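The following block contains the structure, expressed as structure tokens.
Note that the chains are named A, B, C and D in the order they appear, and that numbering of residues resets to 1 at the start of each chain.
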Amino acid sequence: MQAKEDPALHSRRSLTLRFDIPTSKTKEFWEALKQGRFVTTRCAKCGHVSFPPQSDCPKCMGGEFSWTDLGPDAKVVTFTHVQITPASFVDNDPYIIAICEFAGGPKVLAWLEGVDLPKVKPGMPVKVAARASAEGNPYYVFVPA
Amino acid sequence: MGRVAVVGVGHSRFGRRTDVNVAELAFESIKQAVEDSGADRRQIGTVVVGSAGGWYEESLPAVIINEYAGFDSVGTMRVEAACASGSAAVRAAANSIASGETDVAMAVGVEKMTEVDTLTSVELIGRAGSYTWEFENYGMTFPAYYALYAVSHMSRFGTTEEDMSRVAVKAHHYGSLNPLAQFQKEITLEKALGSQMVSWPLKLYDACPLSDGSAAVVLASEEAAKKLTDTPVWIKGTGYSSDSANLSRRDDYVGLRASVDASRRAYGASKVTPDMVDVATCHDCFTIAELMAYEDLGFCKKGEGAKMIRDGETELGGRIPVNLDGGLKAKGHPIGATGVSMTVEITKQLRNEAGKHQAPIKNGIGLVHNVGGTGHYAYVTVLSRD
Amino acid sequence: MGRVAVVGVGHSRFGRRTDVNVAELAFESIKQAVEDSGADRRQIGTVVVGSAGGWYEESLPAVIINEYAGFDSVGTMRVEAACASGSAAVRAAANSIASGETDVAMAVGVEKMTEVDTLTSVELIGRAGSYTWEFENYGMTFPAYYALYAVSHMSRFGTTEEDMSRVAVKAHHYGSLNPLAQFQKEITLEKALGSQMVSWPLKLYDACPLSDGSAAVVLASEEAAKKLTDTPVWIKGTGYSSDSANLSRRDDYVGLRASVDASRRAYGASKVTPDMVDVATCHDCFTIAELMAYEDLGFCKKGEGAKMIRDGETELGGRIPVNLDGGLKAKGHPIGATGVSMTVEITKQLRNEAGKHQAPIKNGIGLVHNVGGTGHYAYVTVLSRD
Amino acid sequence: MQAKEDPALHSRRSLTLRFDIPTSKTKEFWEALKQGRFVTTRCAKCGHVSFPPQSDCPKCMGGEFSWTDLGPDAKVVTFTHVQITPASFVDNDPYIIAICEFAGGPKVLAWLEGVDLPKVKPGMPVKVAARASAEGNPYYVFVPA
């Protein structure tokens, strides 16, 4: 270990990055979510269902697709409880993150709310629910079924 | 493909290196590697720098490092494969030789991770998956990524928190034998088990630290290698693979498909089987990662990783000694440096120059396993004395 | 070294692409390149992604892009050589073939630069030199870097602001013929000369824009290429070089030593002389950069770049037509995409598929010149019909 | 050009980077500067003088060196006037950047202060001068000789 008192240039310039991420290709997902529906894309050519939704098929590269309902029922595949959070989440209490699988369909990662850690088990039935951030951004969480 | 050998190695002390900037840190390894190779610096036609970047002030690290080290007008680039950036640099430098571009090339791995505060580091690593779908709203962290695997592995195979802590105890034991390691003190199972919870069930002692460090290797074509050294270590076979950015798209959470694929390709290319490996470095950014690596690399069957650590099979004297340099856990994990550091370690082992942590070398074969992210990338390299 | 050919090309529309994220943008080129090559996607053993990164939210672009495009378990990495990242990707993909790793490989170049505000972009590029010695206290910018060269070139050779503006007028003219270009309108000399001063003597119309865009090429070994296509375009010779991070360490400010070195190496490797080049793309991030490139690449003598543009020698129908796709100046300069985009353009030219901006092809030889930073890197590739 | 109204996720997370850059190996430079002297490193083995100063020789890789005085006299090699400044320099007025060469020695890039743009020419004699930022960080500029 080095001495903490090693000389350093404490930079007087900060670099702050905050991105505007295009959502034209997934706007139906976010709009359905605002109405409480959880949908994703199904390839018109090969039938592959993707999550996250994408307008180009990763299996056959086809560009034709339809939106299909996924929710709300799913079950927990795996999970964790995050106690040391990133800088941009310092105002959050520790949160449970779970990967949950929809019946016969894709898996989705999100917060699992409304349950204490010791009660969470793989296989636990959950349902997906819509939320909005304080800024009005839509997102989704899982809650016990 | 022409054969390529490691002919020179260099390695800085890993740790909190507030005494050097990124170029000074890289130079420590570059100088050693050049001197160890016996090559004239002007023979080196390509320098490939492996660094994830973002943690330190310089955004063109390859250029800053080459300027500092006096590599004027050398062919160069930076490569990134997350925590496998170092292996990607070794690969690109080796391909530069095998393709005929140059006879001698250098791969330098470096990261300087302690110039920002810890929670910014947590943020930088957490963003390295699918930002939009798994970070923006959910604040994934690196421990959380691996905790999702740990929970699944525990649930399916009965792996325990104690099994994971055993990996940490082993790592710190070997770290205590490596003067370049970040942590050089042994720890007890109780200390590991009782450490702060980071992302349940992973605790502070399940995780590698944030580190500064560098490593470098000089590589040469068969003809050049034979002129430079009597102890070349050959790149016998390599395998690379990758997996989805979104963890939700993975098939399961009990192993890394990218590691399985990469190791099968490396074994195939080198005509080596796991039982021929004398010594290995496995990517143990978290203790669960080392246990999964035993399984994914075919050192044992799927689900038996915990048994291997319990039985001491990966200790010095065991069936396949793993991470005798302390591993990422105790040696430290300066992201871009790690893959090159592993190559340095296995080269020294195969040269019988590993000092206090030297493994017995029977078949002359060592293996480097380096994972980027949570199996977003995997690079496996089989090295051989002949 | 085995021969490597370009067998498929893809190119997105460049510009302010607020309709797509980075993976969707890359996919536009990937799909075209795969379809153009006729290869089965599963033949592609390696995908190398060229991207400087930092401008957009995803920090592991190679992984995000491969997931989106369905490249499961492919060997992959990202490469960075500043604004030459795209050429570095082509190089690494070609070396993957020439070294025998795979028969078919893809290089994808992509950048998404409009997700942050303009002054943050100015900051990101300004930091890409020597942060500590030239940015922290002095706020270097990309136009400032090239302005230091422009002032020296003007002082030494009598090059004028009007000469530089002529380059912009030429670029916009050809941009108007390229439906994928960011700017598709002609401009007058007066408009260029009268545009806003950015870093004296460089004005807004001396500078390339901030751009989003992608490009992709599928490369193949000689054997695979002959099965896939009747119109392979061969990588005949390549040269790479670099120079100091600190501008203060450069020998002079009238040309880029890295471009001189890289082009000499590429000419030597391909046994081609500048007068044999039918068509070229030169790195015109600023108008002065194109004039210096004419000289550094040996298209004319040092100091005579301005004369070449005045005499129309680099126009369609001139001695060596340069940047008939509009160049970085009018086509746009999504940093990581540019080198791949240049390779796409020259491939199309050599296939006689460049449409309205097709050059007459006599010797079947084209040249790609791609600079990273201000000559921090240079990559030159000679492409050939046979 | 795309319509400005394309939908986008305006990220609610920002990433702010500000670095503590080790200066142990160059502290003599910064300390001399505070005392008004401008020094750099000279290799004990091959005599190479580096700027920026570095404790390892780029020519011969030697690690022995001494500190040598450079200043204050230099002349302008090339220059520019920065009118569009980076995000972290938005509070600055436009500035002149010059690369200046010390007699028989290395070149240095810094601001050129105390002179109007039309009067600056290559070859113009200047001298280096010490400055301190509002935060107390030492730096250097050129001024007319």
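Details
The rule is simple: contacts are C-beta pairs under 8 Å (C-beta built on N, C-alpha and C of every residue); 3 or more make two chains touch, one makes a residue touch a chain.
None of these values were measured; they are calculated from a predicted model.
Between the chain pairs A-B and B-D, more C-beta pairs are in contact across A-B.
Chain B has its Cα centroid 29 Å from the Cα centroid of chain A.
Centre-to-centre separation of chain A and chain C, using mean CA positions: 36 Å. Per-chain Cα centroids separate chain B from chain C by 33 Å.
Counting partner chains per residue, chain A has residues 6, 8-9, 11-13, 15-24, 87-89, 133, 137 touching two or more of them. Among all residues of chain C, those that touch two or more other chains are 17-19, 21, 54, 57, 67, 120, 123-124, 127, 130, 132, 136, 246, 249.
Taken pairwise by the contact criterion, the protein chains are fully connected, each one touching every other. Looking at the complex, you find that chain B touches chain D at residues 17-21, 23-24, 27, 31, 34, 41, 54, 56-57, 67-70, 115-116, 120, 123-124, 127, 132, 135-136. Interface of chain A with chain D (complex): residues 6-24, 27, 30, 87-89, 133, 135, 137.
Within the complex formed with chain A, the chain B residues making contact are 15-19, 57, 117, 119-120, 122-123, 126-127, 130, 132-135, 137-141, 143-144, 147-152, 155, 197-202, 246-250, 253. Residues of chain D touching chain C in their complex: 1-4, 6, 8, 11, 21, 51-52, 77-90, 92, 95, 97, 99, 106-111, 117, 121-122, 133, 137, 139.
Contact residues on chain B toward chain C in their complex (touch as defined above): 1, 21, 46, 53-54, 57-60, 62-64, 66-67, 71-82, 85, 88, 91-92, 94-96, 98-101, 124, 127-132, 136, 238-246, 249, 257-258, 261, 372-373, 376-377.
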